[in-house]
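My questions will all concern the structure given below.
Labels run A, B, C and D following the written order; every chain starts at residue 1.
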Amino acid sequence: MAALMAILKRDLALAYRQRAELMQPMLFFILVISLFPLGVGPEPKTLQLIGPGVIWVAAILSSLLGLERLFRDDFEDGSLEQLMLSSTSLPAAALVKVLAHWLTSILPLIVLSPLLALFLHLSEPMYWALLKTLLLGTPLLSLIGAIAVGLTVGLNRGGVLLALLLLPVFIPLLIFATSAVESASMQLQYSAQLAIIGAMFLFSLALAPFAIAYALRVSQT
Amino acid sequence: MWKWLHPYAKTERTYHLCQKLLPWFSLLGLAVILFASFWGLAFAPADYQQSDAYRIIYVHVPSAVLSKSLYITMAVSAFIGLVWQVKTSFMAMMALAPIGAMVTFVSLITGAAWGKPMWGTWWEWDARLTSQLILLFLFLGVISLYKAFEDKQQAGKAAGVMAVVGIINLPIIHYSVEWWNTLHQGATILKLGKPSMPAEMLWPLLLSILGWVIVCGAIFLLRMQNEILQREIRRPWVVALANKSSTLNEGK
Amino acid sequence: MTVLSVTNLSVVKRDRLLFENINFDVERGTLLYVKGQNGAGKTSLLRVLAGLVEPDSGEVHFCQQDIKDYRENYYQHLVYFGHKLGINLTLSALENLEFWCKQHQVTISVDTIFCTLAKLNLVGLEDIPVANLSAGQQRRVALARFWFKQDAKLWILDEPFTALDTQGIELLSKQITQFLSIGGSVVVTSHQALRLDYPTDEITLEYRI
Amino acid sequence: MAFEDLNSFFDMGGYGLYVWLSFGASALSLLILWLDSFFSKRTLLTQVLKEQARQTRIKAAAEKNNNGETT
């Protein structure tokens, strides 16, 4: 247990030291979202219509940007090898690393979401639905994303391949999240969609760590 | 050419020049900005159309004007650095960038706060606010590019190129956003810029602009010293300076 | 008592058979020196012994237990040093080693780390980012782990002597012989001749095209 | 004075929130930037002193080794 805490503390300290690099997915997130009014026009009605979808697509793309960094440095300098050679269980260590990654690069996106709801003129209930779907859905992004990152960490041009692998898998999450926010805009109940996202999240929380551990072992040449 | 400027390319002299000017700039700046803000807030007459909401102008216009001029100054010092290989101008550029970003951020907040009573929403895709937002992204782009490099010399040159590219694009962005805005919405009723104002409203505005310029100048001097110290951290004059200032602190 | 026993091991890498039906045992207190040209598969053999990579066929047993099934117990007593040093460049040497010790359940105080680094003559370089150190110094920071894990029974070192100066080589050789004398066993590969005054078994891997 | 008394001054004709938000935000941003620059100057100078201390430590250790070898 102490070893897992040590991993978490180390990853958070590392993220703090490279915070300039951490800012980039956040700036990308705001930039992509502020492009849409310039493209589609500033009328609040149209912006509100496309708002949920735009925010969610932007969230998925910027989390993809940040995912690459999850195992890359540790793989290149050999710390991942030493981690695999320690008696701490690899799935637990992988889960802790995904948690550290979620805290450092995806949580800031959620903290920014009120500003973006402002940019796209989302109404109050829509914003709360968006926040709930983000809080439940983005850990799912990190967990499944980490599996693909574990598989492609050995290849040096894994970037586009990562998007290719992950985007199809994220489609159900995108569908349920945007439909939750839309039904919130019409003052309808959206707890069904939330329940489905929650189920997907718990399912991946249970299985993904083992898949990540296996993926890391596979990518050891 | 510009012979009298060359000694200042030598960093140690620039450092001591900044040290001499710093107290003057900071005290004067503080005084002028406080005086002007107080004058604008308390003594200037209320506006017949927006009553007292217009007083935000005493913060919004200086920061908006300053954000553009700081970007231009940054781009000019980047240009000097790239063309004449003057290292101190790269340092000046990187000293200016965070101040410009902060001032643009302030102009955005004050613009949004002023827009709320006028348009009813905190954020309105008005032409002026949108180009200020894009300007903020240009600033943040230059800063994050500078931070991405290990070696500061290389970082300065790369950020300098981006600053020059940015300055070329600034007017293009400005007019395309204006055109985009009129295309969709027609000119907004309230021109956010400098409406023709009676003298007793105008004087506090000019003074607050001056106040902002001096305060930003003071912060620039301080950040310039930081950039010099960062680049010359191994030099003997920096070591002597550090020892002298540490004995000074113990002495106090 | 055999610490490590390998039965008809064969490894294929990028569809090339590196070696096949390799059999050897490593007893307590013995030094195994793996020799072979470049590309003969020395590193792959060591990575298979450490359990990092699955062999194509054959088994590796640590104290009569297959390392695939008793992975946790095996890693309790193993220290591995590969081509990749295993230290993070933005962290300082101190932080790296503290993290390594926490991960391998080694309780250690900060000043033991400091005096070990002093022994490896890295005085004054303990708290700056490892990126600022030279390649040789970085290797010595990575090698410090052999001074920390006392309960290890097996050391696997992949060319530990490269990029080390004579003083470093002598220091490491002394540490290895001292570990062997108290009953530890070591598997090592090296391009320079081993200057260890200790009986060494040897195994040579032929180069196959 | 454009306002009769103090609290109408704070009320700003009903727009107090927006006016004081803008002035507060600008004052805060200027202050934060000034403090950041001021403290990073101090950390830079202390960094130089730390580097000095490290050099002396390395030299001292080197001398100790030389004496160690010679005796």
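Just so we're on the same page, contacts are C-beta pairs under 8 Å (C-beta built on N, C-alpha and C of every residue); 3 or more make two chains touch, one makes a residue touch a chain.
This structure is a prediction, so every number in the text was calculated from the model and none was measured.
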item: Length of the shortest touching-chain route, chain B through to chain C; value: 2
item: Pair with more cross-chain C-beta pairs in contact, given A-B and C-D; value: A-B
item: Computed distance of Cα centres, chain C from chain A, in Å; value: 37
item: Distance between the centres, which are taken as Cα means, of chain D and chain C, whole angstrom; value: 46
item: Inter-chain centre distance, chain A versus chain D - centres from mean C-alpha coordinates, in Å; value: 33
item: Pairwise touch network: line, ring, star, complete, or other; value: ring
item: Chain-to-chain touches, reported pairwise for every pair that qualifies; value: A-B, A-C, B-D, C-D
item: Residue ranges of chain D touching chain B (in the complex, touch as defined); value: 1-3, 9, 12-15, 18-19, 21-23, 25-26, 29-30, 32-34, 37-38, 40-41, 44-49, 51-52
item: Contacting residues of chain D [partner chain C, same complex]; value: 54-55, 57-58, 61, 65
item: Of chain B, residues touching chain A in the complex; value: 121-125, 130, 133, 137, 140-141, 144, 147-148, 177, 180-181, 184-185
item: Residues of chain A touching chain B in the complex; value: 20-21, 23-24, 27, 31, 34, 37-38, 41-44, 118-119, 121
item: Sites on chain A touched by chain C in the complex; value: 2-3, 6-7, 10, 13-14, 17-18, 73-74, 76-79, 81-89, 220-221
